[in-house]
Amino acid sequence: MKNSSALSDWVLFLAFAAAVLTMPLWLAPFGANYPDLMQKFAIFGVFAIGFNILFGLTGYLSFGHAAFLGVGSYTAVWSFKLLSMNVLPAIMFSIVVAGVFAFLIGYISLRRSGIYFSILTLAFAQMSYNLAYSVLTPITNGETGLQLSLSDARVLDAMAGITVTRSLPSTNLFGMKMSGMPGFYFCAVVLIVAFFIALRITRSPFGAMLKGIKSNQTRMAYTGLNTRPYLLWAFVISGMFAGLAGAMMAVTDPLAGAERMQWTASGEVVLMTILGGAGTLIGPVLGAALIKYFENIFSSFNERILNRAFEALPDSIQSIVVDTVGLFVGEGWHLTLGLLFMITVIFLPGGIMEGVRRITALFDRDKSGSSSAASNTAAAEHS
Amino acid sequence: MDNVVLHVADVHKSFAGLHALSDIDLSVKEGETHAIIGPNGAGKSTLLNVCIGRLRPDSGHVVFNGENLTGKQPHQINQLGVVRVFQTPEIFPELSLLENVMIPILAKRDGSFKLSWFRRFAGENNVRSKAEGILQDLGIGSFTNSEAGSLSRGDKRRLELAMGLAQEPRLLLLDEPTAGMARHDTNATIDLLKRIKAQGMTKVIIEHDMHVVFSLADRISVLAGGRIICQGTPEEVKADPKVKEAYLGEEQV
Amino acid sequence: MDALFLQVLNGLDKGGAYALIALGLTLVFGTLGVVNFAHGALFMAGAFCAVTLEKVLTISTKVKDESITFFDAYKEVPILEAKFPVVGAFIVDFSVPFAILLAIPVMLFLGLLMERGLIRHFYKRPHADQILVTFGLAIIFQEIIRHYFGANPIPQSAPSMVSGSANIGALFGLGENVVYPWWRLIYLTFAAIVIASVFAFLQFTTFGMVVRAGMQDREMVGLLGIDIQRRFTIVFGMAAVVAGLAGVMYTPILPPDYHMGMDFLVLSFVVVVVGGMGSLGGAVLAGFLLGILQSFASMNEIKSIIPGIDQIIIYLVAVIVLLVRPRGLLGRKGVMEE
């Protein structure tokens, strides 16, 4: 890990902010500049950034982070129903509730480390998921999912004299509707703020301690540091990020369902983080955006589109190609996801950012004249 | 008036019926360098582990500056000023040398936990220059930004020592600080430890190398079979026939 | 009393499935030191061996329906049955038991392939990497099954002669109305036999002795000059077969679908943790124990006291065990205990 100057951090932050805010421009050539998708980039970016604070910095692999996301969504929808359609209270409450929830689960799970920790978080997440579907139906509305209704109280809105009679109200920020492009810009600002916080945490003494825990936890104790509260805080903070992401989902589409809490959803955020590069700042956001982008493309393909794409081929070959490709697209998107998962872990455990680092290192070495074989071994050692 | 800093009182420790330590009674005075010697398996490392809270004694207790350490967590014991330097380097291999030394300094300054998430780690200039000074002192100041894991074995041991010294301990426990070092490295380390001694730091040192022991120690305890068989100044210990029999004779082979 | 007895039985057959999966997980973890998140997928693969065989056996042809005489009517009949009326019908009826014969070679092949092709390269990698790569593999398995078999559960039937229920009430001197499906009894017996044979194999053969020694102290066995690696590969194959058989036989109880592997995996992991990482006996014991507990928790009397307890009982037990006795019921001290 290199020491970075305060200046280079600001440059990184400003570049990130600029890139996020100009997404509608530079995503246009990829056909990805429509609000729904860009909102997803931002939402899952926040989720992955938060997950990375736990996994990337401390090395503790949680398989239950989707539970916090789900809790965030439910809280936000309840805030819409009971208090106000304004998104600020919804987001605030979601972060707080998810944080409390994360504290409870983290307090118990963090009494173990390694694979036990992973299984404990998984067990808690499954437990929450099962409960959301059964006993907690009054809160979660079970399989149907929690939705807005005309008869909701919306106490704050009512006090402000805002009433709805005919159609369901939409989420807003002091009157500005949170759908379409305003919705995207809102999510983008939240993402930028989240990134800023993560940047500060990573560069802070607190972050250094977390990295120390990842590197050699036993040593931390003999250095006079109590690792328990450090880990618990990292867990709670990343839970709050997940809750925030859940709230953003509800902001852009005010409903919440238990399937958001399933462990496959937890697996997805793990994949985003390692694909981009666990422990790096940009990596998780990159991973989240890539996965959501390809999900969007791949799952929209169907046989008709494929047939047209491979029209030039002879019929017999065309059908074989279409069949094979068809495995991976449309409904089969998850297959691609699984494959991507394996390929990343097998060949690039450091993720895309590690790949970028290796390539630049390769060029640097070549310039300084040493053999590329040597740099390959060095890169391998590094990973 | 000699001020007792560390008092190991009547400590017993056994593993599955095997007596690793019995009747250990030991006092270390302020500013003193106390060496613990003894053949392999005599219980030296077990004794250190009891002192830093890695192991809990079956009976007896360890008192440091009037505080009972028994039952305290390792980080609490460290915060009291008892610092151990490990024999096999326990460093943070993925972090830079500078970070390796800055973390212990921060741990001493900020206590066992502090949620300082908004400050810049690299911006802690006092901590940083102090760490750089210590690394310089130990002869590894020229690669402060490289990964600790990439150091040679000898340099890792120096870094380990640097991490211990960085905390300005009130009691430093050294576990074979020169084992596996080349002769000139050993001499350099002895010089360094002598300098620290001149500053008045209290030390307990486990060592095999008699050259190191006799050039540093004020008092020596000889451990054999989990018991202290002899205690005294280097001259007294040298003269003791029991010690020759149990240890020195064997060592001279 | 009768109800309690039935609940125990109900728990036992589910517990049997947990135990069989957990047994394989533990074997693999104990020998290879690998945490295999794709083990549930092997269970599912076994179940779909049964589905495939049934589909192949019932490839049908149109024959004239003799029962309708007014006009020429045709009905679909499996070719096998049309060609060999008696033997064919018998084979179709017994497709699930026959699937065992198919599953053994298929699962063995799959297991060896997986170990050689993937798992082997992950021995020295961190547990997190093992979890992640096998998790990815599990997703792939699941999606392949969904692609070829669809998303809906595919019911399988037990042979007609054992599709009814046994009046075990009379057998054990309980009430007349205590009945229990034959197939579940068969499953229970089957699970017991498989478990017993695995244990016997490990206990009484030289091969098994080496494997057990390897589980205790891998380096030591390596020093003796024994090629422990090859044996471990075979152990992995064995674990795959055990999981597969558990899957085959479970199909008449639970119609297999593409996510059954994941569902059972999470539970089996919990079972392994409760039993104790690296303890075969613990895995079996915990499997049955948790099965029974779950079955009791789903009794209406209990649910009315603590609503939702049936959904979470297993996880709750796991959490308590992990906190109170992290090495699990029968786990050795120091195995993954930190």
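Order of writing sets the labels: A, B and C. Residues in every chain begin at 1.
By definition in this document, a residue touches a chain if its C-beta (ideal position, glycine included) is under 8 Å from a C-beta of that chain, and two chains touch if they have at least 3 such contacts.
Bear in mind that the values here come from a model prediction, so they are computed numbers and not experimental data.
**Student:** Show me the overlap between the contact partners of chain A and those of chain C.
**Tutor:** Expected: no chain.
**Student:** If you average the Cα atoms of each chain, whose average lands nearest the overall Cα average?
**Tutor:** Of all chains shown, the one whose C-alpha centroid lies nearest the global centroid is A.
**Student:** Which one of the chains is farthest from chain B, going by Cα centres?
**Tutor:** Looking at centroid distances, C is the chain farthest away.
**Student:** Could you state the distance in Å from the CA-based centre of chain A to that of chain C?
**Tutor:** 34
**Student:** Can you compute the centre-to-centre distance for chain B and chain C, using the mean CA position of each chain? Integer Å is fine.
**Tutor:** So the centre of chain B lies 54 Å away from the centre of chain C.
**Student:** Taking the mean of the C-alpha atoms as each chain's centre, how many Å separate chain A from chain B?
**Tutor:** 45
**Student:** Help me check something: in the complex, which residues belonging to chain B touch chain A?
**Tutor:** Residues 52, 54, 73-75, 78-79, 83-84, 86, 90-96, 98-99, 102-104, 106-108, 110-124, 145, 147, 163, 167.
**Student:** Any idea which chain A residues touch chain B in the complex?
**Tutor:** Touching chain B: residues 1-6, 9, 200-201, 203-209, 211-212, 214-216, 218-227, 229-230, 233 of chain A.
**Student:** Please name which positions on chain C make contact with chain A in the complex.
**Tutor:** Chain C residues touching chain A: 35, 118, 121, 125, 127-129, 131-133, 135-140, 142-144, 146-147, 262, 266, 269-270, 273, 307-308, 311-312, 315-316, 318-319, 322-323, 326, 336, 338.
**Student:** Of all residues in chain A, which touch chain C in the complex?
**Tutor:** Those in contact with chain C are residues 59, 61, 63, 108, 111-116, 118-120, 122-124, 126-127, 130-131, 133-136, 263-264, 267, 270-271, 274, 327, 331-332, 334-335, 337-342, 345-346, 349.
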